[in-house]
Amino acid sequence: MIPNILSWLVFLPLAGALLILAIPKENKNVIRSLAAVTVLAAVLLSILVWISFDRTVSGMQFQQLIPWIDLGFVQINYEIGVDGLSVPMLALSSIVTALAVFASFNIQERVKEFYIFILILLTGLFGVFVALDLFLFFLFFELTLIPMFFIIGIWGGKQKTFASFKYLIYTGISGAILIMSFIAIYFIGMQASGWTHSTFSIPALAEIYANPAAPEVLTSGIRGALFLALFIAFAIKIPVFPFHTWQPIAYAEAPTAATMILSGVLLKMGGYGLIRIGIGVFPDQVARFATLIAILGVINIIYGAVLALVQNDLKRLVAFASISHMGIVLLGIASFTAAGIQGAIFQLVSHGFITALLFFMVGALAERTNTRNISELGGLSKSVPVLAGFTLAAVMAAIGLPGLSGFVSELLTLIGVFGAPADILPAAAVFGVLAGLGIILTAAYLLWAVKRTTFGPMQEKYSTLKDARPIEYIPMVGLLGLSLLIGVYPTILTDVINVTVTDILSRIGG
Amino acid sequence: MLQNAWLIPVFPLIAFIILLLFGRFLKDKSSYVGIAALALSFIFSLLVLMERIGGETYGFTVNWLTTGDRTISAGYEVTALNVMMLFVVAAVSLLVHIFSREYMHEDNRIHVFYSYLALFSFSMLGLVLSPNLLQLFIFWELVGLSSFLLVGFWYFKPEAAAAAKKAFLVTRIGDVGLLIGLILLFNATGSLEYSAVFSAIEAGAATNTMLTVIAVLIFLGAVGKSAQFPLHVWLPDAMEGPTPVSALIHAATMVAAGVYLVGVMYPVFLASSTAMLIVAWVGAITAFIAATIALVNTDIKRILAYSTISQLGFMMLALGTGGYVAGLFHLMTHAFFKALLFLGAGSVIFALHHRQDIRNMGGLWNRMKITSVTFLIGTLAIAGAPPLAGFWSKEVILAAVLEGGGIVLFLIAAVTAFMTAFYMFRLFFRVFTGEFKGEHEPVENKKFMTVPLVALAVFAVVAGFVNTPFAAGLEGFLTEGLNVGEQAHGTIWLAGLSVLLAAGGFGLAWAMYYKGTVAQDFFTSKAPGVHKLLLNKYYLDEIYQAAFARPTVAAGKFLAEVDRRVIDGIVLVAARSVERSGQVIRKQHNGQLQTYGLVTIIGGLAVIALAFVLRGYFG
Amino acid sequence: MVPVTFFLALGAVLFCIGLYGVLTRRHLVVVLVCIELMLNSVNINLVAFSSIGPFANITGQVFSLFIFTVAAAEAAVGLAILIALYRNRESIDVIKQDIMRW
Amino acid sequence: MTPQLIFFLILAVMAIACAVLVISLKKISHRIIAMAFCFFAIAGLYFLLRAEFIGIVQIIVYVGALSILFIFGMMMTDHRNVTFVPDRKRGHKILSFLGVGTLLGLMLYGISTLDFPVNEAQGGTGEEIGIQLYGHYVIAVQGVGILLLAALVGAVVLARKEAE
């Protein structure tokens, strides 16, 4: 066991980025292989964390605490650690990023900068998922924003500038709300502890907010306002209707690898934050606003699905599918049951793999046909059978075909929703049935898209397309294999999550 | 042997993986891989069946998923019902694999076809072996996937692509109902194991309303899969797939899974009389309307498809009226004779170079002897001619309906039985008798195609003898240790009525299509409106299009506009207004140092003034 | 002894006159002159406090020496800029020096 | 009415009067001379405060060097034309006057309410200042030296005619 393994993990990609910085930009292949080696090392480390994680213990593991900024009245620590919620997210980020690196080997211009940005992004992601200090969390949260802005803005499609600025401004607003609410949580926490604690540490704050020494400070209005501010900040990231409009264009314009990371992992920071800080610090408020969250979740599911139905651009279609699928996370959280929260976390991971695969497939098809317009495609099964087959498999995973991971998260979430306590989520069955409707719609728009792109008579102009290159098998097989793995044997994932979820629920007597 | 039952689905799985990875190198040798795997499965299931008769139920489970303090397990189970199903599925599947070798040998994607077929066999056998509802659901979806893949096998035909999508989507509606039903069941009883669920329900774990809801939702799944009204519309379209697929999936096995599901969950249905009533009526309506559509259709495969729907309705009707054994017995016999009919149709279609319209057929009796004879056996069996398989199973169904369903349902069943005999013989006479109408003289097909026909014909003759009024072997076997209520038995007058109905149907068809003593438009000219209605399948496709598909797409278009103009519009307006105000304020920066200085002074003074007002002078 | 407040008041008056000059005069040289005036008024305060005040000590005078140097440097550089500006734009009207906008 | 107060009043009135002249005279050269007198009066005030060294430096640096520098600056630019057309807007002048006046009022009010104990230091001889400068503040002196050098070089570079 490596001491301080989490710090190694977090700063390994940064070190890789610094190394790449030292390489002349003409040596593209050296840069590519160095990036690949770095991300593979990160994958290994994150899997090591996964393996050595003790599944029987609730609470944080591999903790590390270094005092960092001490201004007397403000103390910020470098406090990191993982529990069953973060461990899967670490693995998800490293794996999806690694596969995205392989998927982006065909990028030719500004290779050096591209991989530096990707690696910095990975450090930010790891940081977010291990940070136990609100301030640290925010720092890493913002650190992910900048590389992605440049990646979209430099390597994006036709409307890249507009897309990248829209992304920047939306997530910037999210970050601003986040830091304000963090500071408010900090000061109110200080008052609530009877001026005995002054901390940004999430576990300590959870304790303070659960058992305040000065309860009169924490009126239900203040708690509600703090939670809603947090919720909006994360809702922009997830994204939740009506804060979603940055997403389709950002996805559509970003290069394939970036879209994979963006949709596969970056979004998950929103869901993760909502569970880690939202449920972690304000469980009572989650219960209080459960109906609101569930309504937004169902709107996400159905709204995203109905809009995906009429998209003509494949990437936008998948983007709306992503919105639809993130609704399941919200619904799981709102159900406030072990199964529901487990389902939400499972969906974060599973959707990470599936949507990355979908975007990769769309990217691979678009690269060959030079169009993403569904109306111009058709009959691709004939010319590129392997790609078409993997596309179909990805679509099936997104539809929630059992045996692939999407099904497990839908199942767990629905078990949670139908079993939700009536005092927290009234009319749970209605939400469940609407989510079921969403599942049908998902099948409708995805199959319709498949029918119009890969099925049908072959078009002459696509008869000479090249099928999958060997390097493309790595992301395709990797992502599909992982989805299959946790779909066939979900315990591999749930035994990591389960203790943490039970612990969260037991702390609030839920 | 029972401990090794899990191997039965594994053989096709292995075949699937081999064909997926190396299929393109094996080309048409891949058929041997599939046939070998299925042969092994068939032998194993035969062994398991023989050991289970007179033996005990065997089960094995491992934990699959833990949520909170509840666990969902996975495993397998060998019960009386599923060994019967295992045997039927393995047998039909093996024969279809053999048949397809010849039927598909011209297709250069034959390895893909066999890999899909193996995937289907794996899923279907796995479905049957499942010890709990969730695992059943998992395989349930996988058979749906294989059905989708096989229907869409000729994806370059737009009709096939559309049919595949329709099949998946329509069954998906039912599947979501089933999923919700099983989740409700899980939340109510804390388990999904069949035995645990049943004992929990007996102990009163769920209220009566809840049970009805659960049963209806589970039945919704069966409605989708077994193509019951109103979700039956996908099955006729699914005939776009290769004919062996239609025989295996859309006649014998997958579509029967819905019936099997109701059979497996029978105690849940029994606990709710409302649910039983719904099952019975849905079955009856389905049986009736599908039979009426089959009367006028002219596509050989679609007639058989509507016949399948109608027969599945019969099974549901039986189950809904308490005829547990009757429904499942008919499931088994129907699997054999309908597979026989479909393969026979496949043989005809293959010989006629993929022509399917019966109006252009005729006179094949002398040209394709084996196909004709076996097809006749199938026709007789489905019409209910004694002592073929269909006679015995249809008779117990009629008995169950009469006893448990009342006179209205019985009349529907009787009329449907009459129509069944009529449209089947109409099909037979038009295809095999009369004048041959094509150019190429058809010849009998090779052994790979005729051997399965003969084998199935044998089954269609003898399968009925496992459960006769004289020796109700199947009934004892299936109901042992299960509380499914008293089973109805046929009387001699019922048997007479059944034979009479079959004979009536035969006679009318004979008169109209063989002898010509009754004009072929005798009925259609009397009621052209009805005829048109039937030809258009009650306009159900059009109604669904107008009621669901188009409004959804329209809503999508509308919401997309809303999204673009309103939601994104608000965002853009906010962004633009910031930009505009920036432009206005920018003009104030005119480069005049002294203005800046003045503003600074005044601003500073304002701050001081504020401090003055709020706190007094500096403190 | 003159009270220190008198010196402070004088400093304030000179400062304000200088400031007014900076804000309203249009000749760049005059503006610079006025800035010198403002710096001087600050010096008066420093020297006054170093001689008479609660913590009278020599540091104030040392500090004012530094201000002298800074003022000298400022004047030199300022005039150099002024000459360069005049050479390029042929005017030393403050109002016309407005290229540093937007 | 001590002699110091009398001298203070004389010098103060002189400084203020010269300062007002700086911003109100018509010709630029007159203004610079007024400035020199203003600085001279301030030097007198330093003597009054017994800061002789500072007073002498004031005369040398401001009255001597800086005035000459400004005169050079004036001569190298446009010095005939002091009034510019069109004039600044009246509103600007009034606002400036009001703003500056308010500031002055505030400061004078603040000064008038000051109340603290008064100690007198023993004057600032050159020796004492030298000890401080080259002892305690030696680094600052070095820094200022560098600043002056930089200003020297910078001024030369800026004012030099650009090579063609």
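In order of appearance the chains are A, B, C and D, and numbering begins at 1 in each one.
Here is the rule we go by: contacts are C-beta pairs under 8 Å (C-beta built on N, C-alpha and C of every residue); 3 or more make two chains touch, one makes a residue touch a chain.
The structure presented is a predicted model; accordingly, all values stated were derived computationally and were not measured.
Visitor: Going by the stated contact rule, which chains contact subunit A and subunit C alike?
Guide: In this structure, the chains that contact subunit C and also subunit A are B.
Visitor: When you average C-alpha coordinates per chain, which one falls nearest the overall C-alpha average? Tell me, please.
Guide: Central by C-alpha mean position: chain A.
Visitor: How big is the gap, in whole Å, between where the Cα atoms of subunit B centre and where those of subunit D centre?
Guide: Here subunit B and subunit D have centroids separated by 99 Å.
Visitor: So, what's the distance in Å between the C-alpha centres of subunit C and subunit B?
Guide: Computed from C-alpha means, the inter-chain centre distance equals 93 Å.
Visitor: Between subunit C and subunit D, what is the gap in Å from one C-alpha centre to the other?
Guide: The computed centroid separation for subunit C versus subunit D comes out at 6 Å.
Visitor: Provide the C-alpha centroid distance between subunit A and subunit B, rounded to the nearest whole angstrom.
Guide: 36
Visitor: On subunit C, where are the residues touching two or more other chains?
Guide: 19, 23-24, 95
Visitor: Can you list the subunit B residues in contact with two or more other chains?
Guide: Each of 594, 598, 601 in subunit B touches at least two other chains.
Visitor: Just spell out which pairs of chains touch, all of them.
Guide: Every pair of chains meeting the touch criterion: A-B, B-C, B-D, C-D.
Visitor: Which positions of subunit D touch subunit C when the two form their complex?
Guide: Subunit D reaches subunit C through residues 2, 4-5, 8, 12, 15-16, 19-20, 22-23, 28, 31-32, 35, 38-39, 42, 45-46, 48-51, 53-54, 57-58, 61-62, 65-66, 69-70, 72-74, 76-78, 82, 84, 88, 92-93, 96-97, 99-101, 103-104, 107-108, 111-112, 114, 116-121, 123-124, 128-129, 132-133, 137, 140, 144, 147-148, 150-152, 154-159, 161.
Visitor: Subunit A touches which residues of subunit B in the complex?
Guide: Answer in residue numbers: 63-70, 134, 137-139, 141-142, 145, 152, 155-158, 161-162, 164-165, 168-169, 172-173, 176-177, 179-180, 183-184, 186-187, 552-553, 555-557, 559-560, 563, 567-568, 571, 575.
Visitor: Enumerate the contact residues on subunit D facing subunit B in the complex.
Guide: Checking each residue of subunit D against subunit B gives 88, 92, 95-96, 99-100, 102-103, 106, 109-110, 113.
Visitor: Would you pull the subunit B residues touching subunit D in the complex into a rising list?
Guide: Going through subunit B, the ones touching subunit D are 594-595, 598, 601-602, 604-605, 608, 617-618.
Visitor: Over in the complex, which subunit A residues touch subunit B? Could you list them?
Guide: Answer in residue numbers: 169, 242, 244-245, 303, 306-311, 337-339, 342, 379, 381-382, 396, 399, 401-403, 407-408, 410-412, 414-415, 418-419, 432-433, 436-437, 439-441, 443-444, 447-448, 450-451, 454-458, 489-491, 494-495, 498, 501-502, 505.
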